[in-house]
Amino acid sequence: MSPILETRGLSRSFHGLRAVHDVDFALEAGEIRALIGPNGAGKTTFVSMLIGRLAADAGQVIFEGRDITALPDHRRVALGMAYTFQITSVFSRLTAAENVALAARRRLGGDRAAVAREVATALERTGLAGQGEVAAEDLSYGHQRLLEIAMGLAQHPRLLILDEPTQGLAETEIAAFKALVRDLAGQTTILLIEHNMAVVMELAHRITVLNFGEVLAEGTPAAIRADRAVQEAYLGTEAAHG
Amino acid sequence: MDFGPHLMLALLEGAVLAAVLALMASGLSLVFGVMRVVNVAHGEFYMLGAVVAWAVADLVGGGPAVGFIAALILAPLIVGGLAAAADMTILKRIDYDPERTIVATIGLLYVIQQLTLMGYGPEARPVAPPFNTRIALPWIEWGAGGPSVYFPWGLSTTSYKLFVIGAAAALILAIRLVLLHSKAGLVMRATQLDSEMATAFGIPVERVYAAVFGVGAGLAALAGVLIVPIQQAHYLMGGEALLLSFIVVIIGGLGSLTGTIVAAVLIGMSDGIISVFFSPTLAKILATLLVALVLVFRPQGLFGARER
Amino acid sequence: MRASLALHLGLVAVLFALNFVLPAYAHGNIARVMTLAVYAIGYNIAFGYTGLLSLGHAMFFAAGMYGAGLLLRFTDAGAVAAFGVALACGAGLALVTGLLALRTAGVSFMIVTLMFSQACALAILYFAEYTRGDEGFVIAAASRVVAGHDLGDAQVRYLAAWALFSAAFLFSLWLVNRPMGKVLVAIRENEPRARLLGYDTFRLKLGALVISGMVSAASGAGYGLFFGYAGASFAGVQYSIFPLLWVLLGGAGTVIGPFLGTLFMFYLIDLSSGITDAYMLIAGVALIGLTLFAPQGIAGELRRRAWRGLP
């Protein structure tokens, strides 16, 4: 089976500093992959190049067999990728329902009934049912994060990139989020950038570790946990804290 | 008149325009540089400078020189004070939001212009220059018997016009020295770089903003005082001046003082030359289109370096 | 939804009924307000709904006015054809302007549109041979006839202005309820997010600007055809500021706001110009006051306080 997303030699520097260097990466359709690494490892730069918010200096991004390196961000989303922001970026003055509707409408167009169904489903799955008529800016921070995810779901992407989705969520919300992602497994491919190791270890089928802009290790959670290089670079401190 | 003398005359007229423009645009550029806002009422401060100069000259007796010197001191103070007050009552309250500032200063433009119309009237009024000796200029001609110097008819300037060029140059030099070498300049530059950090270091950012806005308007007023013995004071004179300043500041690179001066010389001179040989309207059409295209394709200005 | 439709259709009906009851002076004024409100409606599509703060819409208004006026001056094409040409002029100019100006945003966009508009105004003066420059020209009464009805007649003119207004008004109501209208709001609120939902925001903004320019041109053409005159002052900076003022006053991003703002400001200026020559003082004070105290405008305040779903 060919990967749904692939990068070859993907690189990007800022003022001579190599943020991401020569990364070859492949994501199988249907898997849940976690991307981890210490702060400054290049995770956000890397996914920004995947979705097209940032241009690559060198290398290719291939989605479903098609080279999308030169495509602008909106074209990539239209092809079936979706991205939820690390820093919440919802339409704050619009209602939660309208936020989700905007995400659904590009695919469904003017079919009001279908959009309404999609909105109801996405809000329901993220635990926001009943909050639909609240302006996004009046939602709690955790709920805004969930709204981001609802907007991702409503697009029915074949690849969903979640950038630090559990940051700022309460314990119960994290539990609900994990259930949601497990539920999605098999329907869509998920690339998860996450700091919360418990979430990563529990959800990911495979983990890719970035360090200093390069792939340090890749494997199953158990393999990554056992990997000495990873422990030194990254998990050492985490493990010490339990 | 032959082509040569004609060109020289155009260059001289252009230099006067360039000098006044450089002074006025420096004010606009300073305000944008430090406060990151565009002051659309800038042309009205220039107009107010001219009108105040007329009023002062009218009130103060003792000959044109006394009135002119009084205007040169009073006009920037009065206009700068007004501008600082406008900054504190209006711009501060909308938190210097760039777009809302433009809308508010458009409002300010009409308020100043229309109040001037009510108080001062629709007439254009002259102010006598403090001195105005006509200076005939020589030209060299290569005839059959070698080069000969003669004074073509119509090729002349006045001592006052030369003074305007000199005064504007001196004032601009003074601004540069103040900005680069004084404590006030240091405070301004610190505020420009990072206003939050400046606040943290105890710089009264709000007062710096009011002062910068006042100084910017004061420079426009000075330009107005200098020009009024050449052009008469009129309540609508700000519009054209504002447009030219915009052109200069944008082509020179928003917020760059050096670029502003280079562009003022370029625009002032070429406007003089183009207006003498072609239609001034066509010259303005080309200049406005150039500005738009510079903003679209080279937002750092023709002379500015790309920022970060 | 139903209440909003009732409100907007109600306004259209009231304006129609006013044709038969208003005294002559007010009758003429309301015809003028309706024609100018079309301009405000066009401006609102760019500024109010899409967040494109243009300072150069006078060029689109003038494109309509001169597109229609010059055609009637030099050919015998007829008023209907002239109106069609005017729309094409407005849309075409907006397309060219948009392709360039939309590469910038915010303050740069404001200045670029201002400069383009200034260049257009100067071009009208430069080609004085055809446009008669500052003086402008009268659009002959004989050419201002639609299907045998003389637009110079007060009744016909009122109804023509009403028809133009109603068409633009209901069109904008329809547009903002379409998926496209909703995405325009999304672009206004958060453009990078809209792009990452897969919307080609450049094309959508360009579309909004072309529609806005076309509606503004319809107003300019209507003004020229109804009142029989085309002049360079309609291309000046002041006519770029007016729709901004009307829309801010009435409520940016509301369908009914542009009409309310045009109506109020028209009468404010009409009343004050009876007292002083400096009537633009009112406009200046209003701009500052609105920026400081009521950035939402009349209809925006209504939406905030009482009627959340007002489109």
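The letters A, B and C name the chains in turn, as written, and every chain counts its residues from 1.
Here is the rule we use: contacts are C-beta pairs under 8 Å (C-beta built on N, C-alpha and C of every residue); 3 or more make two chains touch, one makes a residue touch a chain.
Because the structure is a prediction, the values reported are computed rather than measured.
Here C is the chain whose Cα centre lies closest to the centre of all protein Cα atoms.
Comparing the centres of all chains, each the average of its CA atoms, the largest separation from subunit A belongs to B. Chain centres here are Cα means. That of subunit B falls 34 Å from that of subunit C. Centroids of subunit A and subunit C (each the mean of its C-alpha atoms) stand 44 Å apart. Between the Cα centres of subunit A and subunit B there is a gap of 53 Å. Shared contact sites, meaning residues of subunit C that touch two or more other chains, are absent.
Residues of subunit C touching subunit A in their complex: 178-179, 182-183, 185-186, 189-190, 192-201. Contacts from subunit B toward subunit C in the complex involve residues 38, 90, 93-94, 98-100, 102-104, 106-115, 117-118, 122, 239, 243, 246, 250, 279, 281-282, 284-285, 288-289, 291-293, 295-297, 299.
The part of subunit C that touches subunit B in the complex is made up of residues 53, 55, 100-101, 103-104, 106-108, 110-112, 114-116, 118-119, 122-123, 125-126, 237, 241, 244, 248, 276-281, 283-292, 295. Across the complex, subunit A meets subunit C through its residues 51, 53, 72-75, 77-78, 83, 85, 89-94, 98, 101-103, 105-106, 109-110, 151, 155.
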